[in-house]
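Listed next: structures, encoded as structure tokens.
There are two complexes below, and they share chain A, which is joined by chain B in the first and by chain C in the second.
Let's look at the complex of A and B:
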């Protein structure tokens, strides 16, 4: 491995900017770190270069641990967004700088310089000053300068940011060519997904300091695991759908056969439909793909090779569309069509069309939407405006439904509302909370989010499960929640006091197992802690240690639930997510 | 006509590129007014200095420099500038570096403190040193026991001059270094350069014109300082009189030729400084 990052964390003013990032980049690989501004990608690159330290974790280059090695001794080449050429030196002096530092003889220096200038196609420019070159040429010089000392790793920090489109494309090709020719391991940081697709062997998508997903461009595009990646890499229609034995049901129609999965539960899921996978035709019969609904064309935009449509779904369709690429609300679907398709069926705004879906991808996230549950509609409405819940819904681009249960918490009473509990059920934290939570869990709620009135976005999330049966579900839910928070994740393992010595060894192994499962199956990096004592008591103690914490706890049985959780739930100050996976 | 002028002016001002006779008249008027003002307030006094100095002929003018006290004053001023300017250059560099490159607690306090000498009266700047090192000052007794003199001696003059001139280099460099940023230094470091190499080959060339400009300003003030130095010097002829102080003494003794001769020399030194500054600016802008 050329570059190995192990749980790299960097805090700025108390908040993590890079959050537990682990990553392996192979020899000669072109890796692109993609993310919006503020996602921590540049900070991570600077950490690899050694220009900023890390608070936690390790960095290795070619198997050599460089976490505490000074930047000048790391032997990397770094290219900056604004070139950072030495403005008082000529092109030749700029390129030879690293060689002069290494006391190379003038003749050898000149030879290497000629070689590099040829590589970046700038022969004969030796005696120019940077100010006499165009932006694209300056960046070529910067690339040549960064390569002069034959670094093992080339790091590019938004190298095309300051260039216009034509030059950008040309330079992109040059850099890719140089990289292939030298076989040098390269990391490029960018916020431009097109650039990432064009250059990368592998892309890592970052958001809120976390590395969310990695993979080959095509895999990430066609099978994203998270909402963020689905919408950040290209445009996507996110749709709340139901997974049924027959397929993916959107509204009244089942549009596609379900992908094979071990999870056979019928439940709400988040479906991704790319705009180019939507088909429009004059009638349902003319569609060659699964019928979704009828719609009215709201907008037609010609963009050259492709035509972009916005189609408003007609009433009666039950599929609420979660997110539009531009954030616009309302049930309208983004569609792109090729010239060929346009010739086959011409479309005008206001036209009534039949909509079909060619391909649906279902996100593996267990969190689809929220249902605010309370004793009356007014209370449910108030709960839906709780700051943390509202913030989560916005970040997850999902909706908050409301459900009134007048008999909430009354023993033996049945549910008043029809239908199963959909998505994650939210419950206000109050005096008799433990009983209400048990009441809901016994009546089919699986993921229960208990919210104190003023709880805000947490900085740390504690994870614990009671019973191995809820382990993988808890990890999946935790990973899904944490993708939308910049909080750090800590798994708290708790063992009974009396068996401390015997269990300690056993406990450590459990911790490591949990950590590696979180990493492998869910891409979630977490810290681990081991404590001894009563579970609820230890968790309460741990939560009291610092403000702005949240607890995610997995349970497999509800016997004595209210009794055990009273201390944590009744009037608790922290948000708590209960993941219940009982055996039927 | 008088009433029509402003409105016509306003109309023209909103249409750039239109040159009417009125427009050019206004332009010449403005230039004439500012030149007249300059002549009256600046050039006339300057000319007076030289006219008065040469009033009794070149012989008398040159003769006044032969006076040992005058020569001593010139020497003292030059020595002070020679010591103070390099020290303040180093300090200014260090302070500007710290402020532009690092985040630390008390940074804004440091910036304010650097400006302090510009804000307080030079007389008070001198007083501070008398209060510290004078006979009845904090360290006065200790200094006398060890037979060290600071006040009414060369060290006091240098300290006072240093105090009033230390903002100039730092003031010039801080905005420049903040604007130029850290990227070039970081690039140098990733290319393998150490601290000194980065400083001498990257940072210093980058800021050299700003630095030189700050030094020129610092030098001008160091040679011309009157108030602070007057308080600490004690006006001992031939020993602790700098040029500005010496001019005052000569003038008070009705030795006008002598006073104005020294004044003309100081003026020439200032003019020389300004010429250097202008050259620096020109070269600097062309190179930047």
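Let's look at the complex of A and C:
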């Protein structure tokens, strides 16, 4: 491995900017770190270069641990967005800088310089000053300069940001060519997904300081695992659907999923439909793909090669629900069509069309949508406005449904509302909360989010499960929640006091197992803590230690639930997500 | 090159008129009067006044101490400016404001203050005395006073230039393998050199013209601690206006030559900087 990052974390003013990033980049690989501004990608690159230290974790270059090695001794080449050329030096002096530092003889320096100038196609420019070169040429000089001392790793920090489109493309090709010719391991940081697709062997997508997903461009595009990657890499329609044995049920119609899933549970899922996978036709019969719904064309934009449409789905029971809360405009579907398709069927705004879907990808995330549940519609409505819930729904691009249960908490009473519990059920934290929580869990709610009135976005999420049966589900839910928070994840292992001696060894092993499972199966990096004592008591103690914490707890057993969780739930000041997976 | 340059703002004629008028009225006219006054002196008298041992001694002290003060400020001004620009620390605003104090203080006050501290029985002077170091009433005291009053010029000239040195450049140099001293020598210094020279020039010019603070701490011993401006005042007090004017002209001449030389040096540096610029 050329570059190995192990749980790299960097805080700035208390908040993590880079949050537990682990990553292996192979020899000669062109790796692109992609993310919106503020996602921590540049900070991570600077940490690899040694220009900013890390708070936790380890960085190794070619097997050499460089975590505490100064930038000048790391042997990396770095190219900046604004070129950072030495303006008082000629092109030749700039390129030879690293060689002069290393006391290389003039003859050898000149030879290396000629080599590099040839590589970046700038022969004969030796004696120019940076001010006399165009932006593209300056960046070529910067690349040559960064390569002069034959670094083991080339780092590029948004190198095309300041260039216009044509030159950008040309320089992209040059850099890719140089990289292939030298076989040098390269990391490029960008916010431009097109650039990432064009250059990368592998892309790592970052958001909120976390490395969310990694993979080959095509894999990431066609099979994203998270909402963020699905919507950040190109456009995507997120649709709340239901996974059934027959396929993916969206509204009244069922479409076959793009890939088989081992998950046989019938439940609500988030489906991704790329705009180019949507088909529009005059009638249902004219569609060549699976019928989804009817819609009205709201907008037609001509963008050259493609035509981009917004189709508003006809409001009705049959229309599938879109995950994006689209405001007053109502849910609309993004569609792109090629010239060929446009010629086959011309479309105008206001036209009534039939919509088909060619390919559906289902996100593996266990959190699809929220349902605010309370004793009356008014209370449910108030709960749906709870700041943390509202924030989570926005970040997860999902919706909050409402469900009134007048008998909520009354023993033996049946559910008043029709249908099963869908998605994550939200419940307001109050005096008699433990009973209500048990009531809901016993009646089919699987993921239950208990929210104190003023709970804000947490900075630390504690994770614990009781019973191995809920372990994998708890990890999956935790990973999904944490992708949308810039919080640190801490797994708290708790063992009874008296058996400390024997259990401690098991405990350590369980802890490490949990960590590696979180990492491998869910891409979640978490810290671990070991405690001894009563579970609910220890968790309450831990939660009381600092503000802005959240608890995710997995349970398999509802016996004496209210009793055991009273201390944590009744009037608790922290949000708590209960993941219940009863043994069948 | 045409005399008239096209500009976004109209009114070259008007502004140029004001420039010449203003410079003439404020700068050239008084200087011409000074030269004229000196010219009324007979040539041999003129030589006698300006080349008297006492006058020569005062030139040496005035120019020497000013040069030394400017040089000290060149080094420490850079360090102070660097600290203020590069670091965040409590009280930075206060220190930044403190830099300008010598501007605002009447120079005589600075002189009195320095004398209080450095006289042989002063706060610091009394501890230096046993070591045989005398500050007050020696050339050291003169240099000290000149350093104090010319310090803001050096700092304020370098500060904006340092602000403009991009962090990226240093970081780029660092990743290329350069150590701190190398980065300072090859990256930072070349970038702030013109500003440093400007600061030096301003400090030097300010020190040359200083009078108020020096006379308190200098002791004003002829040939030893007597600066030229003081000698001029002495001539004036003896109603020897022509002698005073003659010394003034000499000072003017030397100052002009020195400042011109520094300016040329700067211009040469700038040209080298953008050697082949379009």
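Assume the second predicted complex is superposed on the first by the 568 of 584 C-alpha atoms of A that agree within 3 Å, B and C clash if a C-alpha of one lies under 4 Å from a C-alpha of the other, contacts with A are read in each partner's own complex, and residues count from 1 in each chain.
The definition used in the following text is that a contact is a pair of C-beta atoms (placed from the backbone, for glycine too) under 8 Å apart; a residue touches a chain by one contact, two chains touch by 3 or more.
Computed from a predicted model, the values in this text were never measured in an experiment.
> For the combined arrangement obtained by superposing on chain A, do chain B and chain C clash, or do they fit?
Aligned on chain A, chain B and chain C clash with each other.
> Should A:539 be classified as contacting the first partner (chain B), the second (chain C), both, or neither?
After superposition on chain A, A:539 lies in contact with neither partner.
> Name the contact category of A:132: first (chain B only), second (chain C only), both, or neither.
second
> Mind working out whether A:101 is in touch with chain B, chain C, both or neither, as first, second, both or neither?
In the superposed model, A:101 contacts both chain B and chain C.
> Check the residue A:82 against both partner chains and state whether it touches chain B (first), chain C (second), both, or neither.
It touches chain B and chain C both.
> Pick one for A:449: touches chain B only (first), chain C only (second), both, or neither.
neither
> Go through the superposed model and pick first if A:187 touches only chain B, second if only chain C, both, or neither.
In the superposition, A:187 touches no partner, neither chain B nor chain C.
> Both chain B and chain C touch chain A; at which residues?
Residues 49-51, 71-74, 76-78, 80, 82, 84-88, 97-98, 101-102, 142, 145-146, 148-149 of chain A touch both chain B and chain C.
> Which of the residues in chain A end up touching chain C in this complex?
It comes out as residues 49-51, 70-74, 76-78, 80, 82, 84-88, 97-98, 101-102, 127-129, 131-132, 142, 145-146, 148-149.
> Can you check the complex and tell me which residues of chain C touch chain A?
Residue positions touching the partner: 166, 168-169, 171-179, 182, 186-187, 190-191, 273-278.
> Please give the residue numbers of chain A that touch chain B in the complex, ascending.
49-51, 71-78, 80, 82, 84-89, 97-98, 101-102, 142, 145-146, 148-149
> For chain B, which residues are in contact with chain A within the complex?
183-184, 186-194, 197, 201-202, 205-206, 287-288
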